[in-house]
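In what follows, a structure is listed as structure tokens, so that the remarks can point back to it.
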Amino acid sequence: MALLTAIAVAPVIAIIVFLFIKGAPAITPEFLTAMPKNGMKAGGIFPAIVGTFYLVLGTIVFAVPVGTLAAVYLTEYATQGRLTRLIRLAIANMAGVPSVVYGLFGLGLFVLLLQFGTSLLSGSLTLGLLVLPVVITAAEEALLAVPQSFRQASLALGATRWQTIRRVVLPNAIPGIITGTVLAVGRAAGETAAIMFTVAAFFLPNLPDSPFSQAMALPYHLYTISTQVPGMPDEIKWGTALVLLLLVLMFTLTAAVVRARFRRKRRW
Amino acid sequence: MKKAQKFKEKLIGKIILACGVLSIAVVVLIFAYLLRDAFLLFGSYSPIDFLTGRNWYPISDPPVFGILPLVLGSLLVTAVAIVIAIPMGIGTAVYIAEVAPVWLKEILKPLMEIVAAIPSVVLAFIGLTLLAPYLQDLLHLNTGLTALTGGIMLAFMALPTIVSIAEDAINAVPRSYREGSLAMGATRWQTTRRVVVPAAMSGISASVMLGIGRAIGETMVVLMVTGNAAVMPTSVDSVLKPVRTLTGTIAQEMGETVFQSPHYFALFAVGLVLFVITFAVNLVADLILHRFREGE
Amino acid sequence: MVITTELQKKAQLQGVNFYYGGFKALEDINLDIEPNQVTALIGPSGCGKSTVLRLLNRMHEVIGKTRVEGRVMLDGQDIYASDIDVVELRSRVGEIFQKPNPFPKSIYDNVAYGPRIQGRKSRDELDGIVERALKQAALWKEVKNKLKQSALELSGGQQQRLCIARTLAVEPEVILMDEPCSALDPVATQQIEDTMDRLKESYTIIIVTHNMQQAARVSQYTGFMLITETGEPGRLVEYGPTGKIFTMPDRKETENYITGRFG
């Protein structure tokens, strides 16, 4: 068992270490804040970072309210029965649908049918659907952790169901919902296949200026520079890969910290 | 309660219900959308030829859309991944749950979360720049971009899924089982192998199913490291040759198709096949897990 | 039917049967609650005392599938009639729970919770309500200088009095108490009982307790409930003035229970 664990774990550590050793020298302030130059073979990755930032923002706007309310429905409104079982099954399967299929769906529905074009809007909506199960599951867990006695106390005081949820249940579930959101953001920030046909651009001379703009994004940028551009300097590739990894790990770490602090501070 | 407040309360209830139902709607909508476009292909192209055709020549004239090589490519890469990931994943899960000292657990569990968080494009990049050249040298291959290379990288993607769910299943085995076995003089290893692992079997199988689902659906790794040659994998040494998968095909070709051309619809049909496969895999995993939870 | 005689009773249960899913939990309960008195419900655990209590604010509906037969009246009005607003009903009938359950908010915000959800927002008004409610619940002196502190930092007895204050701030007519002292020490229990005695001037109180001495101390009327065996519905065996129930009960079962020869 220990040997198998070592075989599983060692390469993972090696990968992370390698990324740091090879990528770290590339990461300079200029690399992070400059536009790409010379057919992307020099300069920085600023537009890709900005694009990913906007995409993540858009994803949060779509997925968090809907996901949280869906979780509220499941825990606070629905009588547990066939419909809730069906919804939970749908959520489990949504989580399993390949991201490239989300990409196809986003292309068909948002880009072409609804005519949002290849744009931040289409990409954010697609990513929003992709991370919805993550948000719902985390929010549901957080809501279920709020003691039943709080709800009873509120209802017995003559509060309506929604007043109870808004003033008592949700405030106590916020840390869990934030954890889920951050995890979802990490997932969205690293996702490539779902944005390939819905938003991502190979190279853009300008930063996106509206929800209907195309945008560059870090994961897609890494894909293109490592497969589509011959003679790309290694340093830029490793640097981009490391920036993307650090960005995603930052979200994962934040989620872990929020969760740990919340567990420690909770007094009921 | 005032009328306005009553109305507000009702309205909010409806909005919340709508959000809950949306998750079903999304799944249905995705399925319906893929189905519609796939059927637009089947108007002019026989679904039997589509499913059993041995050639995928989407831009020849007339185009040929036989997805058998793609299905087999996906299965081959997934099989390689699973053969590697099962022993490592279950071994790691057993080690974390049963053997590892607490301090090591505190390192291994977050490490698995980190692996789960690594973007697939980063893993693909590693496979492309490190593993592929290494394997090419080691095995004297024409190219390092093979089903084996893709499978190895995919194994790392499936690993965290298998470890976390299998570990949950092992932890759910009641203490009394272990104590009963130990009390009869069984060693710790005998207890693990003959009592704990069998008792956790349904959870472990579900973890493997979900790992398979993850591997089949993964796109970037196979797109970047399997070489994307749409040829039929016919023998065992196909593992050392380039293959092309369902996901890789969509990712590779969607950008270049003409909207609503037969090729465009064919790729949606590939998406549909992918959706059905992963849906079935996840459904089975869900059913196993459900039974195992109710059986507790 | 003469409405005026019914109006003298604060609440009435008439021929009430109650079901949890398919299980019949209460059978043929008839009970008249006198206004501005403390009524105690006693009996062994599982006999349905708490269920009777919850029928009066319909809190059982929060838990799951239940069904009520017969009539439950408040001021002569059937509270299960279709035009009854359950939210408004609960602001008229408050409940104190077995385990103190303050919200994880400040002391002030706990007491102001009810008035706020009713839409009262003015700071001055809320300050007045909070102070009055805390005084009525005999907690004001202890907390007046730390209203902004978390309610969870109070002791168990203080938390329970805070919950009473929180209920009083809604200005209910009836207060239901479900074993309010079972988690408290004797000193805290004494304080709650003293509070109840003063509150009955302005409120009707119904208390469920497994502690007979407590029922004898605080109540003017007592109902004794019993189930014959598990799986059978709970029944109200005897109901009357507390003095009579504890000194010369009509029924043998009551006497057995009171004198400790039960079971």
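Letters A, B and C name the chains as they come in the text, with residue numbers starting at 1 for each one.
Note that in this section a contact is a pair of C-beta atoms (placed from the backbone, for glycine too) under 8 Å apart; a residue touches a chain by one contact, two chains touch by 3 or more.
All figures in this text were calculated on a predicted structure; none of them were measured in a lab.
Note: the chain lying farthest from chain A is C, by mean C-alpha position. No other pair of chains has as many C-beta pairs in contact as A-B. Of all chains shown, the one whose average CA position lies nearest the global CA mean is A. Distance from the chain A centre to the chain C centre is 49 Å, each centre being the mean of its Cα atoms.
The centroid of the Cα atoms in chain A and the matching centroid in chain B are 19 Å apart. Here the spacing of chain B and chain C, counted between their Cα centres, is 56 Å. Shown for chain C are the residues that touch two or more other chains, namely 87-88. Chain B has residues 1 in contact with two or more other chains. Residue positions of chain A with contacts to 2 or more other chains are 160. For chain A in complex with chain C, the residues that touch the partner chain are 147, 149-160, 163, 167-168, 172, 267-268. By the touch criterion stated above, chain A contacts chain B in their complex at residues 1-5, 7-9, 11-13, 15-16, 18-19, 66-67, 69-70, 72-74, 76-78, 86-87, 89-105, 107-109, 112, 129, 132-133, 136, 160-162, 186-187, 189-193, 196-197, 219-220, 222-223, 226-227, 234, 237, 241, 244-245, 248-249, 251-252, 256.
Chain B contributes residues 1, 5, 8-9, 12-13, 15-17, 19-24, 26-27, 29-30, 33-34, 37, 87-89, 91-92, 94-96, 98-100, 108, 110-111, 113-115, 117-126, 128-130, 156, 159, 163, 210, 213-214, 216-220, 223-224, 247, 250-251, 254-255, 259, 267-268, 271, 274-275, 278-279, 281-283, 286 to its touches with chain A in the complex. Of all the residues in chain C, the ones that touch chain A in their complex are 57, 59, 62, 87-92, 94-95, 97, 99, 101-104, 113-114, 116-118, 152, 163, 166-167, 170.
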